[in-house]
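You will see subunit A twice below: alongside subunit B first, and alongside subunit C after that.
This part shows the complex of A and B:
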């Protein structure tokens, strides 16, 4: 398993840079990971990250549509927050594994 | 009398009615199955209809032909499940009491979820093939279509039979080659996923198959709306794809009744344990197949494997024992690749599709993750197996648990 030093703290990550231990995540680390993705985190970003972490902890599927139905932001807005591939980027910043869309 | 109630007489509900009627004592247990529709569709056959390979009569039979004697059948819409009082309320107000409940209400396509999809071009230039109506309309359309931009789009995942869209474009390639107009047809495959398939090794193999057939993949395309006037697909990140013929796999949802009953997620898929198949909300409710939020394929093979597990676990629950069976996510899909050939994949929650032979290691007769003629015959043979063996809950020579035997790492 790979490790990475983010803001002076060592965290476990996979080869693509996704956290393998979500418990190591903090809001500070998120800020740094987001910077690497070229994203400046706002309160709305954090609300989405918390939402994803909660869903992940409950073992629920992480989908773009579920964020759109979350009441935090619509899908278009989600793309605005994490441009390009919102779910993959958001998962990375949220310190949870890359969502494997179930076949 | 104790009561087992089954909601949905599709693949899962029908198999469970057959299995449980054999096991549960007729003097002690009443079994009732409820469905709003009287026709059973062989859904894997829908894929063949647009290309004139199957007709309507190849894929329909009356549901009652597959329900065993000693099981009550009610054709009626379901209003909701009242899990707290162990009752199911039907549309006409009739209330059915149960001791144990199996939810097998499947999934449905909801084109209305996407603006413009069910607009003026619906069933004129835009078709689905996951319904009999859509598949038939597309068959008519293809008969006289001179060619142009043919786009297959998956609006969102999960979908039923995740390989069917791939099979569709490969069939389309063969169909237009055989009709001598392939040079006039551009085929593209626009998907919200990052590649042809979700799992890496299968995605690579299937991706290069598409490439060989000159079918272009447009990955990470998440559909926002369809512009009917300009005949364009528009994604949330504002990319556009022009089409002359759009074949859509619309957003899938569970039955709205699941949502009304408070037993589902935001897409109305019933929340249940992925190994035990027990509902997250009530211990005497179980879920099978497409209706559930299980992280595996929504496909008949999955339902078939789940049925073995559910039969065991339901008996455990009835007899107040700990669960003895655990579903591993086993899925097994034949993939038609056109020109009389096919591929086959076999996988579960933890193991992605791998190359090898199936079901007998080193022998086959089917080849895993490669194109062979035998795999194509397997798919055709499967229709007979479906009607005569699978639905009736009879034994098949394939274990419900996936095995690594015959697979190459």
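This part shows the complex of A and C:
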């Protein structure tokens, strides 16, 4: 298993840079991972990240639609927060595995 | 590797059929592309227009006659003769739609809105519109433009682009 030093802390990641142990995640680390993706995190970003982490912990599917129904932000806004590939980027910053969902 | 050197940049997805499975194949592939940050353009033609026509878009059917892959709940083959009974197609189609909802697959209109929210573009075929006597105002509001084939191809240019016919 690969490891990566983010902000002076060693975390377990896979070859694509996704956390393999979500428990190692902190808000501070998220900030650094987001920076690598060219994203400056805001409170709304953090609310989405917490939402995704909660959903993941419950074993639910991570879908764009669920984010749109979360009450935090609409889908267009989600694309705005994590430009390009929002679900993948958000999962990476949230310290959870790459989503395996097709929707 | 060629895959890493030349990642897909744009997909143009054509939907020419109006059954649930044909339309959703186009929608899932388009939304999936948008989610990956791939520029996405959809072109609806012939019976595919049902998917972007206000009156029909949220009540698409699946074919229950002459469809050898159709199964009963439980897995037994679905007899074609059963499919000709009035109401069966409607019931089966409603059942399929409810199954999809459980997987967080949205209804057609919501799915199109998701694609649009991510920057995907939806176009309608002019020739098929003329044929079915449809007007722009009959279509879902998100349809960007009614195009001729030539105009659609103009939008499909560029390297690392694929045209997909579902």
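Everything below uses one rule, namely that the second predicted complex is superposed on the first by the 101 of 103 C-alpha atoms of A that agree within 3 Å, B and C clash if a C-alpha of one lies under 4 Å from a C-alpha of the other, contacts with A are read in each partner's own complex, and residues count from 1 in each chain.
Following the convention adopted for this analysis, a residue touches a chain if its C-beta (ideal position, glycine included) is under 8 Å from a C-beta of that chain, and two chains touch if they have at least 3 such contacts.
A quick note: this is a predicted structure, and the numbers were derived from the prediction, not measured.
**Student:** When the two structures are overlaid on chain A, which partner does A:76 contact: first (subunit B), second (subunit C), both, or neither?
**Tutor:** After superposition on chain A, A:76 lies in contact with both partners, subunit B and subunit C.
**Student:** On the A-aligned overlay, A:85 touches which partner chain: subunit B = first, subunit C = second, or both, or neither?
**Tutor:** both
**Student:** Regarding the shared-chain residue A:23, is it in contact with subunit B (first), subunit C (second), both, or neither?
**Tutor:** A:23: touches no partner chain.
**Student:** Under the contact rule defined above, give the subunit A residues that sit at the interface with subunit B and also at the interface with subunit C.
**Tutor:** 61, 63-66, 75-76, 79, 83-85, 101-103
**Student:** Please output the residues of subunit B touching subunit A within their complex, sorted ascending.
**Tutor:** Contacts found on subunit B: 156-158, 162, 192-194, 197-199, 220, 222, 224, 236-237, 251, 265-267, 293-297, 331, 347.
**Student:** Please name which positions on subunit C make contact with subunit A in the complex.
**Tutor:** Residue list for subunit C touching subunit A: 28, 31-32, 35-37, 103-106, 110, 113-114, 117-119.
**Student:** Applying the document's contact rule, which stretches of subunit A touch subunit C when the two form their complex?
**Tutor:** Listed in rising order, the residues are 61, 63-66, 68, 74-76, 79, 83-88, 101-103.
**Student:** What part of subunit A is in contact with subunit B in the complex they form?
**Tutor:** Per the stated touch rule, the residues are 60-61, 63-66, 69, 75-76, 78-79, 83-85, 100-103.
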